[in-house]
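Below are two complexes that have chain A in common, paired first with chain B and then with chain C.
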Partner chain A sequence: MVLEFKDEGIYCPSGDFYIDPWRPVERALITHGHADHARWGHRYYLATEAAGPVMRHRLGDIALDGIAFGEKRQIGDAIVTFHPAGHVPGSAQIRVEHRGEVWVVSGDYKTVADRLSEPFEPVRCHAFITECTFGLPVFDWEDDAILSAQLNTWWQTCRDNGQHAAIGAYSLGKAQRVMTMVDPSIGPILTHGAVENTNEVLRAQGVPLPASVRVTRDTDVKATPGALIIAPPSALAGSWLRKFGSVSTGIASGWMRLRGVRRRRAAERGFVISDHADWRGLNDAIRETGAERVFATHGYTATFKDWLTEQGYDAAVVETEYEGDALDAADTDADAPTEAETVT
Partner chain B sequence: MKDFANLFTTLDQTTKTTAKTAALSAYFKQAAPEDRLWTIALLSGRRPKRTVTATRLAEWAAERASLPDWLFRASYDVVGDLAETIHLMVPPAAQSVDRSLSAWVAEIRALATAEEADKRSAILSAWDQLEGAERFVFNKLITGGFRVGVSQKLMTRALASATDIPEAELAHRLMGNWTPDTTTYESLILAPDPAADQSRPYPFCLAHGVDGDPDDLGPPEEWLAEWKWDGIRGQLILRGGTHHLWSRGEELITHRFPELARALDFLPDGTVLDGEILAWDPEKQVPQSFAALQKRIGRKTVPKKLLAEAPAVLRAYDLLEAEGVDVRARPFAERRAMLETLLADLPPEAPVHLSPVVPFTDWATLADVRAGARDAQAEGLMLKRRSSPYHVGRKKGDWWKWKLEPLTIDAVMIYAQAGHGRRANLYTDFTFAVAKDNELVPFTKAYSGLTDAEFRKITAWVRKNTLARFGPVRQVPPEQVFEIGFEGIQRSTRHKSGIALRFPRMLRWRQDKPVSEINTHADLLEMLETYG
Partner chain C sequence: MSQVFDRIRRFTTRYVDRPILALPLPVGIHRSLFALQAKLMTTEVEVAVRWQDVGGVPTRIVSPPRPKGRLLWLHGGGFVLGSPDTHAGLTDHLALASGLEVWTPRYRRAPEHPWPAAPDDVRSVAQAMPRPFHLGGDSAGGNLALVLLAQALTDGRAPLSVTLISPVVDLRERQDDSRTDAEMLLPRAFLHRCRAAYLRDADGRDRRQSPVLAEFPGCPPVHLELSAREVLEPDGMAIAERLEAAGATVHLHVEPKTPHDYPLCAGRSSAADMAILRMAKHLEAHQP
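Let's turn to the complex of A and B:
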């Protein structure tokens, strides 16, 4: 086997390294900077150059080596390349080749291009290790143009009604995606500290983002009527939003496709904007890899495996500790906001 | 149906009552009268009957989506709402047809007598003609589960604002036996004939629970106390030489309790009483347990044996109409005095009793009386302000229920199941067990009492700690201890534990408590001895 599934994570015996391990290891190849994939405590890290700054921001002073997309790297007897996953800026699928057999670890991915992340690139392989966060046919995303129009109409209506529009979006990826989807001529964009910290990191590495203003203790909310406020979803539920007075709340997440989830979050508007592939995206991606073997790591794994088996794949479920878009777990200890996200 | 679907979307996209009322009111002003009437009917729980089974709908939706049935079912388990699952899985409509709400409702109802094949083609073609929210609304109508986060009260308020008819008056007009087939918007709302519906009940006056100390209610002499019975709230109407019995859920239950027909022999025409329907023990002259009454609730006709075992009575505690006159505006003390006079000389075999007043002079004494409620076969006390009118609906300040603290038991969770609707995709329905020697005996399910944050936390735990899956149910290791509260306990032959609880719910998640300290099956049996 080119890759094995061990207690620490996905392991490559011929190269003696792990991919997105959840326990501390000697050498870790990281697909992207989200906390369930890039964890603290490994001796050496390898990630794309574009993913590096955010990882340093989140994990501090780590021994991190960068690699360009498509650059070949020999590790032990394995040949490794990183390919765009279209999930967040710098996110990669990792291709591992040993004696002519190719395995690909998807990390998290999205097949439809946005204006932010390097577009997803299908990689031919024998075995594909895929996420399936939204691996049910009820998950079907609209085009970005439609979603942009929904966001802009909502924001404009709020502005016309003298309200602020506050949207819950994760601080890495979703927040910036929303920023690139809205029309900044409608009004100012205010950001929660956790979002703005990530914005600063991304701007410094050359990711083009519209202007945004960090909300601090001293922010005068009256000076910015009709602003769009972007904050992590957990901040919308707490007292952080109170000072803005009349606010219409929205959440940007693939889970907003489900009415029950949106109503439970008590958000008035749900925008079905995801960094993950929808049902069609997952199926298209898997088909394009040409893989015969498929391993489902996180999401609706059991159902998705059964579906793939029916489609003729040699499919299996692999238990991992990845969480995908764990909107509902956002208030649990396991997925508590990072320190940066609790700063106001 | 586009207007109605837009209304639905607006209602669904706001959590603010004022915005909901405004949207509804605007809709009532512009919609066609038939659509207004159907909207009122839908929002007051008068949904069209199901004309197609859920199983068939699921099959046809899977077929239309070119997906296997099992995958549809797996998706339904996650979405938690059949109408929504269909809406999300069936390909978007290819055509756009604008037909009114009432036309679509008529089409749905007409399917009742249609052949299966015709039903199928009608449904498939509807799915292909309805765009966006319209299709979701259609699915909601056809699955018979139309709920939109709008209470009847809110709808009534919006209608009041659209018509300039007082809200309390409208609430009364909307009560009773009507359906869109038996009335029109004009005769229901605008120009009702009071004599037209002899069976029409008054809106029930509802109480809030006492939170904190009854001392805060002020001087005790301003209040009357009664036992709070554990039965079914009922309104008995004697008009035009016949009688009608309504439940608090606005269901006509006259024929389920034939004993009450005899009330006509003892009470004058033009009388309306509010009280509690109870199963009565004629020998001991006390109410039987709720479990005895429960045997009667589900039955449309009652076998003789049951009539003898669990005869029903109405314990009346309020008078709403006397000699054909609405007396709801008079002070409670006055209504109560009239009620006492009315029921004073009834013989013991009359099916209507007076619910006695519980005398008291200070709150502390009353608290002691309340502690003995279980001995009086009651679940606590009701406190009613002497000067208060009989309000429409739940109004804070004049009526309070002061229930006993629930019985409690510490138990461990062994199975979890995801909820529906607002709780879709979240583990909220749990099965609990108590210890018996070295095994665990399941004894109850509970699904309420925790906060959303707690449900999210336990959901994350369930996902990470699943031992086995049985369809939507997950078996989990017996580690999480909960304090279960309940109102009563009964012997039951249907359950392995031998007991059944009344209104079980989670009071607290006892994360501080190890499984070794949960209650035992013997503890439950002891409670059954004491309270059963």
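Let's turn to the complex of A and C:
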């Protein structure tokens, strides 16, 4: 086996390293900066150059080495390369080759290109370790043009009604995706500190984003009528929104396809916008790898495994500690005290 | 998670749903209980839905992103219970999985409107619907789908494909009801009450009541989902033979350890999700 599944995470014995481990290890290769994949406490980290700044921002002073997409690196007896996953800026699939056998760990991925992340690149392999967060056929995403129109219509309507439009989107990836999808001429974009911190990191590395204004204790709400407010979903539920007065709330997540999830989150509007592959995307990606063996790590794994088996794959479910779309998971930045944001 | 649901559902089917269906309660109460239960059985999805008058029958139309065609779906409920709303879980999951718009008419139900009100309504919808379309139905809706199918084939207007879940195909008086002992969901008393309400004074020997008696010349490909050892399994087998004898390709799937019409639990049950996927694959394979 090129890769093994251990208590600490996905392990490569020939290179003595882990990929996205969930317990502290000596050497960790990281697919992307989300908290369930890039965790604290490893001795050495390796990630793409584009993912590095956000990881440093979130994890502090770590021993992090950068690698370019497509760059070959020999670790022990294994050869590794990183390939775009289309999930968030800098996100990668990790290809590991040992004695001619190739395994690929997908991390989180999205097959349809957006205006933010490096577009997904299929990688041929013998075994594919894939997420399947949205591994049911009801998860069928609309085209970005339609989703953009939905967002803009909602924002414009809020503005016409003298309301703010507040959208819940996690701070790395989704928030910036929403920013690239809306029409900035409708009004100003206000951001929660967690979102703006990430915006600053991404802008500094050259990711083009429209202008946004950080919400602080001194923000004059009256000066920004009809603004679009972007905050992590957890912040929408708390007292943070109160000062804006009349607000219409929405959430951007693939989970908005499920009526019950939107109701429980008490959002008025659900926008089915995801940074993960939908059902078709998962199936297309797996087919394009040419892999015979497929391991499903997180999401609707049981049904997805049965489906893949019926399609002729040698499929299995692997227990991991990945969480998929971080709607209810801790958004590292969002947990930072909001008071501190007024200082920065 | 979804496999746990399947285990719990087997228990609640036997010890909650079945005893309730056996009670001779007013039909309005049965309808409300079924509507309540239907919501709990599935994961409701947010997808574009509109209601439209189609041939004089209010019809629920669910549209997935980028719809590629249409499926006319006839809901089950013993001709007495159920509505496009109780079957929204099934139809919405199927719409998203297949990429087809699913049209579900609110046909008139017994006992207020006995046979032939329902097949008449279904025929009006089929005549008013944009063509071509796929055809399908579950349980009593499977009966209506087959009745419509036989008529459509006679008229030379075959649907693109046929998808059936445990259809009711034979409403003639039957002596051999011993098989109901292995049935998890449907008590004999309930079946008798539904039959009486629907047929009123008729005997079930009309082919528009018992489509197992009908002819299906030039029948398009059929996908059939049954639950193993359910009371309607022999019905399903009988119609499969009948359709095959007429030259149709019939793909049959018999799912073990599931109650009648188990695909209604789409989104919660692994078995149901797999059924949705099989049906979607069948529909996609027969798109023009």
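As a convention for this text, the second predicted complex is superposed on the first by the 326 of 344 C-alpha atoms of A that agree within 3 Å, B and C clash if a C-alpha of one lies under 4 Å from a C-alpha of the other, contacts with A are read in each partner's own complex, and residues count from 1 in each chain.
Heads up, the rule we're going with is that a residue touches a chain if its C-beta (ideal position, glycine included) is under 8 Å from a C-beta of that chain, and two chains touch if they have at least 3 such contacts.
Because the structure is predicted, anything quoted here is derived from the model rather than measured.
Visitor: Given the superposition on chain A, which partner contacts more residues in chain A: chain B or chain C?
Guide: Here the partner covering more residues of chain A is B.
Visitor: What is the contact status of A:V138 with respect to chain B (first) and chain C (second): first, second, both, or neither?
Guide: After superposing on A, A:V138 lies in contact with both chain B and chain C.
Visitor: Taking the superposition as given, does A:I146 touch the first partner, chain B, the second, chain C, both, or neither?
Guide: After superposing on A, A:I146 lies in contact with chain C but is clear of chain B.
Visitor: With the two complexes superposed on chain A, say which partner A:R257 touches: chain B (first), chain C (second), both, or neither.
Guide: Once the two structures are laid over each other on A, A:R257 reaches both partners.
Visitor: After the superposition on A, what does A:R269 contact: first (chain B), second (chain C), both or neither?
Guide: Touch partner of A:R269: chain B, not chain C.
Visitor: If I apply the document's touch criterion, which positions on chain A are contacted by chain B in one structure and by chain C in the other?
Guide: Residues 136-138, 140, 257-260, 300, 302-303, 306-307, 310 of chain A touch both chain B and chain C.
Visitor: Would you pull the chain B residues touching chain A in the complex into a rising list?
Guide: Residue positions touching the partner: 12-15, 65, 67-68, 70-71, 74-75, 78-81, 84-85, 88-89, 149, 420-426, 452-453, 456-457, 459-460, 469.
Visitor: What residues of chain A sit close enough to touch chain B in their complex?
Guide: 136-138, 140, 255, 257-261, 263-264, 266, 268-269, 300, 302-303, 306-307, 310, 326, 328-335
Visitor: In the complex, go through chain C and note every residue touching chain A.
Guide: Spelled out, the residues of chain C in touch with chain A are 1-3, 43-47, 64-66, 92-93, 96-97, 99, 266-267, 270, 273-274, 276-277, 280.
Visitor: Spell out the part of chain A that touches chain C in their complex, as residue ranges.
Guide: 136-143, 146, 256-260, 262, 270, 272, 279, 300, 302-303, 306-307, 310
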